[in-house]
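Order of writing sets the chain letters: A, B, C and D. Residues in each chain are counted from 1.
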Amino acid sequence: MTADYSADEMMTVAAARQLRDGTACFVGIGLPSTAANLARVTHAPNLVLIYESGCLGAKPDRLPLSIGDGVLADTADAVVSVPEVFNYWLQPGRIDVGFLGAAQLDRYGNINTTVIGGDYTDPKVRLPGAGGAPEIAASCGEVVVIVRQSLRTFIDRVDFVTSLGYGAGPGDRARLGLRGGGPKTVITDLGVLEADPVSCELTLTRLHPGVTVDQVRAATGWPLAVADELATNEPPTADELAILRALEATKQAVPS
Amino acid sequence: MTADYSADEMMTVAAARQLRDGTACFVGIGLPSTAANLARVTHAPNLVLIYESGCLGAKPDRLPLSIGDGVLADTADAVVSVPEVFNYWLQPGRIDVGFLGAAQLDRYGNINTTVIGGDYTDPKVRLPGAGGAPEIAASCGEVVVIVRQSLRTFIDRVDFVTSLGYGAGPGDRARLGLRGGGPKTVITDLGVLEADPVSCELTLTRLHPGVTVDQVRAATGWPLAVADELATNEPPTADELAILRALEATKQAVPS
Amino acid sequence: MAKLVSLADGVAELVRDGDTVALEGFTHLIPFAAGHEIIRQRRRELTLVRMTPDVIYDQLIGAGCARRLVFSWGGNPGVGSLHRFRDAVQNSWPVPLELEEHSHAGMANRYVAGASGLPFAVLRGYTGTDLPRHTTNIRPIDCPFTGETLTAVPALRPDVTVVHAQRADRAGNVQMWGITGVQKEAVLAAERSLVTVEEIVDELDPVPGQVILPGWAVTAVAHVPDGAHPSYTQGYSVRDNDFYRAWDAISRERASFQDWIARHVLDAEVPA
Amino acid sequence: MAKLVSLADGVAELVRDGDTVALEGFTHLIPFAAGHEIIRQRRRELTLVRMTPDVIYDQLIGAGCARRLVFSWGGNPGVGSLHRFRDAVQNSWPVPLELEEHSHAGMANRYVAGASGLPFAVLRGYTGTDLPRHTTNIRPIDCPFTGETLTAVPALRPDVTVVHAQRADRAGNVQMWGITGVQKEAVLAAERSLVTVEEIVDELDPVPGQVILPGWAVTAVAHVPDGAHPSYTQGYSVRDNDFYRAWDAISRERASFQDWIARHVLDAEVPA
């Protein structure tokens, strides 16, 4: 039974488990939204989901297709304007966890979602850009990143800092006056990395079942720090898998 | 029949007539609110009344007891927050007319509603203060002041500038970067004063029926400028009076 | 999640001597009952903050709770002046009252800055008036793009904000509607908050024009029916205008004021 | 009072070559029909502004309407990248596209400043990122009270803002609900505005969560049922997700894009 799940499913389940009940979580669409809703339906019924479209306390019974999905407004405790969600809710540090994806990530948790390769004005690949991420990364109590791990993604130095992690290392966030705690946890399809409290460097602390340290090193574009006591995540439970798959299935069947 | 009205009624009717249909008017409670509602019920059905409590386009069927009166919210096109009414609606200059009262007024239309006599920290009389008036006076297309005329009120120099009129004279508003046109019209229980386009000085341009220039001079604490062609206001019509009195009567009879 | 508390416990826990306290309500939903509880608990040395200090602030000031008032308009709305406020300013009775005075636009933006986690707000305001002469909390600021000079005011950050609302659910989510003024900003700007409500319900049915304060952004909720009396509570009660008028006479003399406070506040039966 | 116009007349009158144009809608109520009309009328050299440029902006860019894009997130929401946007940035096809790039918080505050008649807004934003390296429109500003350094962004003031809403009445008062994003600010920040609506009604019955734009603050209203298709209109229609997915393939190649635009926009039957 335990082999009966994909690496993406393990990643999403691990991310969901990371969210504590009763906290407020600023959620992006895609993997973060899936994981946050899985958490809400499983162990964290009082998780407060906040979407940048202005939906506070959304409780969607299906996965939203985008941050503009009506299911978010219909199920939210409150729908506020976009300026308000950023100014009154995110900026003052009211949100415990910011839940972000990344196109590139470096060892200090700096995130790039802007351009890859070439020059900013003449990039190899033009990505969507910043969205809400720079201020989510700056202001939330802590940041959880969910991203598939590969040499393309986990690189020594991001081509563009869209959202600041720990900058060039210890002290940078404080020096810049950022109030949030930064990217404490990165959850991938191979395992979990946590920022070392002293060096701020992302350190492999947990592996998903069946994954080796060498596999993770091979998917990391810098000399990877590994925790002395390396744990292994529990595989998804039957319940977690069933609920996750039911959630994913809702993306296919939109009411019309 | 024409004698059958009070000086206050003449003042309120003259103030109501000053408001043009289809304009947006920022209204204070008291005489401005009475006059603005009289205008709306008589010649200006499309007058947009804006109250600083956030009610845009209020159409009360009775006079509100205060700016917090539910009848304003119930009849408004939109109810917005207090920050919004000042920031999005007043500040950018969207409001045509600001309608203010005054405790003291000087020849350049500067208004005092803060302290009278003595020193600011040890005044003879402590008044309510600024409220919305400083920014109403600064930002509306023009300002209409409604105030009973007396030596106590119309003084050479206000004890405190709560809301700026033309400052010390021509050019002051422009120099300070104020966008609104300032207090073009002052309506009293004796007549109407208008700011001279060149000197900015409040100039008597109209008398209420039966009032003499000498009477107005005697109630003015500076050498009063009088227009060459002095007009006389029409007395209140029977309709105007009936509607005004019906409105005033609504203040006594509040639903419970 | 907000705690559900009694009014007495809420005030005892959240309002402390020397605090900066905002009881907001833009002449609607004024938290009178909470103000009376503050008087009963004999809080002292408060800095009272409010855009429109009116009768309840007159009572707090006359009862000696305040040493400082930060405000933009102080009067008995639709009636006239506040005699206890005047007596404190003009005669330092019962204690001296220090004033910091703003315009509504300035105060509203100060709350917005507080709610936004910013140290200051920018507006077009106060220009050419005498208000900036009497406080250091109104300062010029230049636009870094156009060079234009505007006005800055510092954020308001009350230790505690108290508001009255129509309803809350059992998780402490608060729902208010009608004229909601600056209450959201005042609550979000504060370190702690206490909301008195007409009703506690299982479900907050949506109402047009509602403002929702999520329970996790509120410290405590107290069930206080008629907690805004004699002011309005849209959908529940209209203003007791007779009281507003009567207050003019009651408050005019110190003795009649003290007698009223003793009989109607200090010795009043307190809701549980 | 807003004029009631046809979509064609509204775009012809209000959207001009070289204008700065914001078609807003935070992935809900996206004014697709108005965007198509802009393409049909072959507007050129537009500066397109939007927080979330998505499929309609991909179409406007691919059709050669834009020379500049001011934005914070450009993608096909829930699907992936915008191929016409990428082709314009990476290959200058069909014309070069200049970018000015912000965060959502920055863009939202730029609209707020525009709506507020202020030249700039202040936020905690962009700190430590590479975004300020690529525009002069992100600058430091010091708090005049605490000395703390924050970030300033200049006001956005579109020549014209276009939004879609659920309803308007005959006086041009506009009512929208659900996720209303930054539409109020975008309309109030603009010199002119055009609102397309699902329905024109005699009375706007209040709806929880509604945002009202008074008719006197709107330039023109056009009756365009389904004007946000394929995006959502809360209470009227859900997102046509098949189209969003299909767009990925349609837009990937220039030829298939041009064919689609010719058949579905340029030669489409235009509502009167």
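A few remarks follow.
Please note the rule applied: contacts are C-beta pairs under 8 Å (C-beta built on N, C-alpha and C of every residue); 3 or more make two chains touch, one makes a residue touch a chain.
Just so we're clear, the structure is a prediction, and the values are computed from it rather than from any experiment.
Simply put, of A-C and B-C, more C-beta pairs touch at B-C.
Per-chain Cα centroids separate chain A from chain B by 57 Å. Taking each chain's centre as the mean of its C-alpha atoms, chain C lies 39 Å from chain D. Rounded to whole angstrom, the centroid-to-centroid distance between chain B and chain C, based on C-alpha atoms, equals 28 Å.
In chain A, the positions touching at least two other chains are 87, 91, 139.
Contact with two or more other chains is made by residues 112, 117-118, 123-124, 148, 184-185, 209 of chain C. Every pair of chains that touch is listed here: A-C, A-D, B-C, B-D, C-D.
Within the complex formed with chain D, the residues of chain A that make contact are 29-30, 52-55, 64-70, 72-73, 79, 81-83, 86-87, 90-91, 114, 120-135, 138-139, 160-164, 167, 172-173, 176-179, 254-256.
Those residues of chain D whose C-beta lies close enough to touch chain B in the complex are 1, 112, 115-118, 173, 184-185, 188, 212-214, 216-217. Of all the residues in chain C, the ones that touch chain D in their complex are 117-124, 137, 139-141, 143-146, 148, 150, 152, 154, 206-210. Chain B meets chain D in the complex at residues 22, 24, 46, 48, 56-57, 77-78, 87-88, 91-94, 139. Touching chain B in their complex are the following residues of chain C: 25-30, 51-52, 71-75, 77-78, 81-82, 85-86, 89-90, 101-105, 108-109, 111-112, 123-131, 133-134, 148-149, 178-182, 184-185, 209, 211, 231-232, 234, 238-239, 241, 244.
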